[in-house]
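I'd like to ask some things about the structure below.
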Amino acid sequence: MDAILLQLLNGLDKGGAYALIALGLTLVFGTLGVVNFAHGALFMLGAFCAVTFNKLLGLEKVVVDETQTTAWGTALEIRTPYIESWFGEFGSFLLNYSVPVSIIVAIPVMLVIGIVMERGLIKHFYKRPHADQILVTFGLAIVLQEIIKHYFGANPIPQAAPAAVAGSADIGAWLGLGDGLVYPWWRLVYFGFSAAVIAAVFAFLQFTTYGMVVRAGMRDSETVGLLGINIQKRFTVVFGIAAVVAGLAGVMYTPILPPDYHMGMDFLVLSFVVVVVGGMGSLPGAVLAGFLLGVLQSFASMNAVMTIFPGINQIIIYLVAVVILLTMPRGLLGREGVMED
Amino acid sequence: MKEMLNREPFALAAFSLVILLMPIWLTPFGANYPDLLQKFAIFAIFAMGFNILFGLTGYLSFGHAAFLGVGSYAAVWSFKLFTMNVIPAIFFGVAFAGIFALAIGYVSLRRSGIYFSILTLAFAQMSYNLAYSVLTPITNGETGLQLTLQDPRIIDNAFTTPGAGLPETNLFGIDMSGYPGFYFCAVVLIICFFITRRIFNSPFGLTLRGIKSNQNRMGYTGLNTRPYTLTAFVISGMFAGLAGSLLAVTDPLAGAERMQWTASGEVVLMTILGGVGTLIGPMLGAWLIKYLENIFSSFNEITLEHFFSFLPEGLQSFAVELASLFVGEGWHLTLGVLFMLIVIFLPGGLMEGWRRLLRRFSGGGGGKSEPAAAVQPAE
Amino acid sequence: MVANSVLHVADVHKSFGGLKALSDVDLNVEEGTTHAIIGPNGAGKSTLLNVCVGRIRPDSGHVVFNGEVLDNHTPFEINQLGVSRVFQTPEIFSDLTLLDNVMIPAFASRDGAFSLRPFSKLRHEATIREEAEKTLADVGLEVMKDREAGSLSRGDKRRLELAMCLIQHPKLLLLDEPTAGMSRHDTNRTVDLLKTIKERGMTKVIIEHDMHVVFSLADKISVLAQGRIIASGTPDEIKGNPKVQEAYLGGAH
Amino acid sequence: MLTKTDATNLEVAELEIPRPDPKDSFFSVRDIHAYYGESYIVQGISLDLNEGEILALLGRNGAGKTSTLRTIARVDDPELKRGEIYLGGQSLHDKKSYQAAQMGIQLVPEDRRIIGGLTVEENLILSQVEEPLGWELERIYEHFPRLAERRSQIGTTLSGGEQQMLAVARALARDVKLLLLDEPYEGLAPVIVQEIEKIVRQIKEIGITTIIVEQNAVAALKLADKAVIVDMGEVVYSGAAQDVLDDEDLRNEYLAI
Amino acid sequence: APMSFVRGAYAQDFCNMPTGGSVTLGFNVPQSGPYADEGADELRAYQLATKHLNGEGDGGLLNTFSSKALKGNGILGKKVEFVTGDTQTKSDAARASAKRMIEKDGAIMITGGSSSGVAVAVQGLCQEMGVIFMAGLTHSNDTTGKDKRRYGFRHFFNAYQSGLALGPILAEELGKDRTAYHLTADYNWGWTQEESIKDATEGLGWQTANAVRTPLGAGDFSQYLTPVLNSGADVLILNHYGKDMVNSLTQAVQFGMREKQVNGKDFQIVVPLFSRLMAQGAGENIKGILGTTNWNWSLQDEGSKAFVKSFGQEYGFPPSQAAQTCYVQALLYADACERAGTFYPPEVIKALEGFEFDGMGNGATLYRGADHQCFKEVLVVKGNENPQSQFDLLEVVKIVPREQVTYDASIFGGDLGPADAKTC
């Protein structure tokens, strides 16, 4: 029972991450009609926003101590973070909360990145075949990745969650199921965060006229233009939002997964699967699929299940994808006519 | 002139000449060594076959590497169980890939567009994951399936006594490593080119193009699209299996990573880079990517210093610094930049560039000439 | 059922949600005749054709073609039986040349629903090619035969689609507003063309809002309104029918 | 930007330069040339219209009528490479389609272009996102009861004629100064044609300037004040509509009626 | 035939016999992919080795190496040159770049790599082509076990040795009454690692609660971690490497496993194979975690000190274990050629087989002839609780003597195959 509850939590948490990444993807994919292979790279850039912010906070004053030497014979350097020497208490507070605080930095940065990307590149590809979109965004993803690799190396860079939420929450006690049932605080925070972001994006696109215009523009941008609407500008905004959502997903994921330059590619395929299983052009579909796949993946990894079906944990996502796509022609909630040809 | 170029024997002869003379004309590019030449031929087959599906029907498969992998495994098993002769290996490689493609295609082709792509991707990823772990007894997992001294090799062992080391793949006694391996692959490539050309120029090919253009219309035109797309899928799967078995022929090892999505993605990129739906574009794309992967990655600072040694000292180190971003460990960056440049400036891939060149040299088309240049103020 | 009926629509019902697009539609098309269907917009005319070619399955009722009940036939099977259709919004192969556009249906009617023929050379399909060129000439598009179909003007796309149907020599040709958007000149040409086809004995069902076209082609006219056939008869009978006047023709005629 | 142009315009008016100025007439197209990629389609067309006039733009299939309208509406394709367009003294040739629409140009396209996935009502709301607004929804529904019935149906599942109504209604939902109608009667039953004709007359009474492209030349000419016939992308006749109706040779040569 | 365009018309005794004044070595390291940083460090080590072999720099380990055959004048008087390639940590790519170095650049020896799959694949290739392969970082038992090759040599230790070394220390530090839970990367290396550690710990009297296979590159391991705490186990053993290990360890710590008490004992995590780069990736979480490593820069023997000094002065930071093993491999090959007096591979192989040496770190070392595996001291380490610098991540708990990690060559099977020279 406990095990199932915990796996459910795992699944929801994982699902939150999938949904959040897929959400941005499906925005540009299902809404603007662009197959964006650079979406994973945006996720990665978000994570590196947190890394950079942390590095900036952690910039150190280097004092060379000539009296001591290192094992390889050079003078020893003594380092103290500037921020601590300047702000004292508040400095160490900032350092401690660097991951959540870096959201404030990441939002404008990702927005600018998204807008520049759309204005400079993607915009010219709205009318081009999907094949061209794939090639150009894949190229872009590689370039972004290599730039990050050049500056940060290939090794993962760990980011700590704030000390206050670094430990585990005693869920068992809350639910009256006795102790032994603990779950990391940060993962609960992540789940709450993804739910909030998803809800916000939803409300914006599904229930506002702005969202309706964007949906219309994706179907037929020429006609929408003829109705006096500057659809290009709105596309840019939507792309910016997608970049921000991906970036935030990346920022908040860093304490769970130490980021490295390749993490975007690792998530790319999975997020495509999530989007398509959810159904093209459907935001709720992407979210639903994200949670569904997350939960099923968790349950498939339970020992009891794995002893019955060896290796099921390796293929569960794809297996579910196949079954869903074969039983439901357009995924869970897909709209007719979107990316079917 | 154009008529002559289009004539079948001429086209074939020209193509064969170019392929067979690769060891010579690739010398200035530093690409004239057997392994890379073999890869050029093999991946050209892979991409050409992929294009039969993607280029003609518009169905974008994201799982073609699975067939490549199946072809390789089948070929290596043929070497292990039966004989080092490559003919049975290729036969099994193509046959198994074909059967596999038939099964996956039959199911996946129930959907179109992105849904089809993801179905193929899912099947390929399942194959990859299983090959990497659970199916290790068949695939030898991460290490990859290799020849061993304990292999039964029943046909060979019935006629000859095995030597001390591992035997080499052969075509009735001719070793298939090195240059002979390349020429063998080249001949297979030429045959594949011939087949592809025939498919492109046949009613079958035209029908496939019709499916790409307007699948809906096809039905009301009295054509059953499913068997057409399935045939195209199986043919291209068999090309992939052939390429996979040739990989095993020239180098008898089959690894699971050949089936990973990145490998499927690579052939997609090759095809788009060269020019979707063109006859030789995918081949050019394959060459470009393989060239970058093998040659650009090999440049290191020392090679660069040599290269820029004609420059004065300061300039030289600057040039080396700058260039080293794009070669050696930076070769991926070159690849990414190249993808972007080509697709931005040559929509339609390398073949588009070729067409533009031709047009420039043949002095532009006829028709009405342009009025004076635009006098439009910008926005 | 009439003895020489080619197409028999029996008691067909179709609704979309709450909307009854077709109710209780009964229709007989006799061999060799041209049967026009007219009616106000949204009456269900196109829906009726959709039912005939298998694009839409009726909720109840049957379509019988040449004695064969088309309940479970897919569109391609229906076409193979000899039914071709021109759509209201042209359905063509936009990125192929006009010649290719016409050759594909030609292959379909010669080789059946599926034929591999991977090794037969296209260039050698001389007879088919000739026929395709001739058909394009019939509709007046021969000079453009190597253009991409997507770049045609709208009237030309219509004519191309007509050519695609004609080359199949169907037993039954269904035309959904074949002259809409055509200039007077081209409309007249098309009418002439359709008349010659009639002489060849092809049966046609035609939907048209252009009364000039209807009255110069039709042997029989059925009027559809709100999913029901409200009148059926010879052109003269229809012209005189007050119900039709009110529902469809308005004061103009 | 707008105010500045207005100011210069005023100055021009005050100076009263004698040379013919395109800005004098309400709507003016000066020698436009437009291309689809490399094919040269609109080959120097000029038009002039006063406020409240209706112009019938006639010609055979493929003559370039649609292309001309699209160029005026400033759609990307075909690309305008040379020539000038003015509406109410403001230049249009340097604008994008959405800017042209905000200045009061409305194109009712030949294939109607109802937006998929949106209901009838949403299609109408869409044209009221940006100022300036025209008819309110109630008024539209009053004139097109058919649309009122179908308001929550997905727009693309309407029958052809219903779609045509929606396309016209969508244009009226905006404050139109120049209405471009591309074959508005196509596919419509005679009763509806009369209905739309009525609307066009009403539009005329309100004083909206209109260019109408129509294969049913007689119907169009009866409505129109002026007529222009194009062939192969060039103007071959320009004059009063009544003259075309009267001149049989002209009709025979270009219109086959 | 075009062969004559490409290859000299002269007869060749063996593949890529050096004929001019120089000899070319092929350094095949991961330059892209997850191990790119490790590969970069390996390449640094190789460049340093080349310098030292050619008599430049401070001579490095040439000074401490027990064999004095190397003179700093290249190998057999020929200047050492090198070519590089990118393995991408993929077997196919690694073989392709090795082939390029052999077929095009005329490399006489291939060395490097940062994973066992690649090592086995390239080693097989080198056997076929008759080119000696000096493996870089590869820890799987198979490399010198069932997939061993006559032309392949490994200086690095293996999973089995990790088990042998770690077992007693675990008993010492954690007690004999423990229950272990394994999370194992679901591929070849993971399995051999799991098996070796399981053998070792069960030999001590530990129980094994469960051994669960996780897919390679799972990213999020939460679904495998949650069952651990309720399984009755009090030790978690992570048979993961690279990114997998960084992630699973980070997440295990997040799940509160370091603070837990199970069966009245502190819950513990063990990572059998450590590297400094991995420790860096796991950050704070590595503190106090036990594991083994091949070599660490804090070692105080003469060889290690000399290497750290040369490397640190050249690049400004200390070398990783991957760098050390690669550097040593390059020198050992050169030395074997000198001692054999020829580049002729069968002779060089003979010179390496059974070779005993010292002064390269890890004490006295044997290149065992039976399986081409090196036997030397193995380090049991622990994540440093109070690092003095950003490189000071591992603390050596114990140096396990060579005898204790020596095992019978026959237990893994395999066959070295013939040593005959090939022309290529």
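Letters A, B, C, D and E name the chains as they come in the text, with residue numbers starting at 1 for each one.
Everything that follows uses one rule, which is that contacts are C-beta pairs under 8 Å (C-beta built on N, C-alpha and C of every residue); 3 or more make two chains touch, one makes a residue touch a chain.
In UniProt terms the chains read A, B = Branched-chain amino acid ABC transporter permease; C, D = ABC transporter ATP-binding protein.
Here the structure is a predicted model, which means the values were calculated and not measured.
Undergrad: What's the fewest number of moves from subunit C to subunit E, given that each move must go to a chain touching the current one?
TA: 2
Undergrad: If you take the mean of the Cα atoms for each chain, which one ends up farthest from subunit D?
TA: E
Undergrad: Please work out which of B-C and A-B is bridged by more C-beta pairs in contact, and write that pair.
TA: Counting C-beta pairs in contact for B-C and A-B gives the edge to A-B.
Undergrad: Hey, which chain ends up farthest from subunit C, C-alpha centres compared?
TA: Here the answer is chain E, farthest from subunit C.
Undergrad: Any idea how many Å lie between the Cα centroids of subunit C and subunit D?
TA: The answer is 31 Å.
Undergrad: Could you tell me the distance, in whole angstrom, between the mean C-alpha positions of subunit A and subunit E?
TA: 35
Undergrad: Which positions in subunit A touch two or more other chains at once?
TA: In subunit A, residues 311, 314 touch at least two other chains, as defined above.
Undergrad: Where in subunit D do residues touch at least two different other chains?
TA: Subunit D, residues with two or more chain partners: 96.
Undergrad: Mark out which residues of subunit B touch at least two other chains, giving numbers and ranges.
TA: 129, 132-133, 332
Undergrad: Under the stated contact criterion, what part of subunit B meets subunit C in this complex?
TA: 198-199, 201-207, 209-210, 212-214, 216-225, 227-228, 231
Undergrad: How about subunit B: which of its residues touch subunit E in the complex?
TA: It comes out as residues 23-24, 27, 30, 32-36, 39, 129, 132-133, 136, 141-144, 146, 148-150, 163-166, 168, 177-179, 247, 251, 253, 255, 257-258, 293-295, 297-298, 300, 302, 328-329, 331-332.
Undergrad: In the complex, go through subunit C and note every residue touching subunit D.
TA: Result: residues 16, 19, 38-43, 46, 88-89, 151-156, 177, 180-188, 209, 211, 247-253 of subunit C touch subunit D.
Undergrad: Using the touch definition up top, name the residues of subunit C that touch subunit B in the complex.
TA: Per the touch definition, subunit C meets subunit B at residues 53, 55, 74-76, 79-80, 84-85, 87, 91-96, 100, 103-105, 107-109, 111-123, 125, 164, 168.
Undergrad: Give the list of subunit A residues in touch with subunit B in this complex.
TA: Contact set of subunit A toward subunit B: 35, 121, 124, 128-132, 134-136, 138-143, 145-147, 150, 269, 272-273, 276-277, 280, 310-311, 314-315, 318-319, 321-322, 325-326, 329-331, 334, 339-341.
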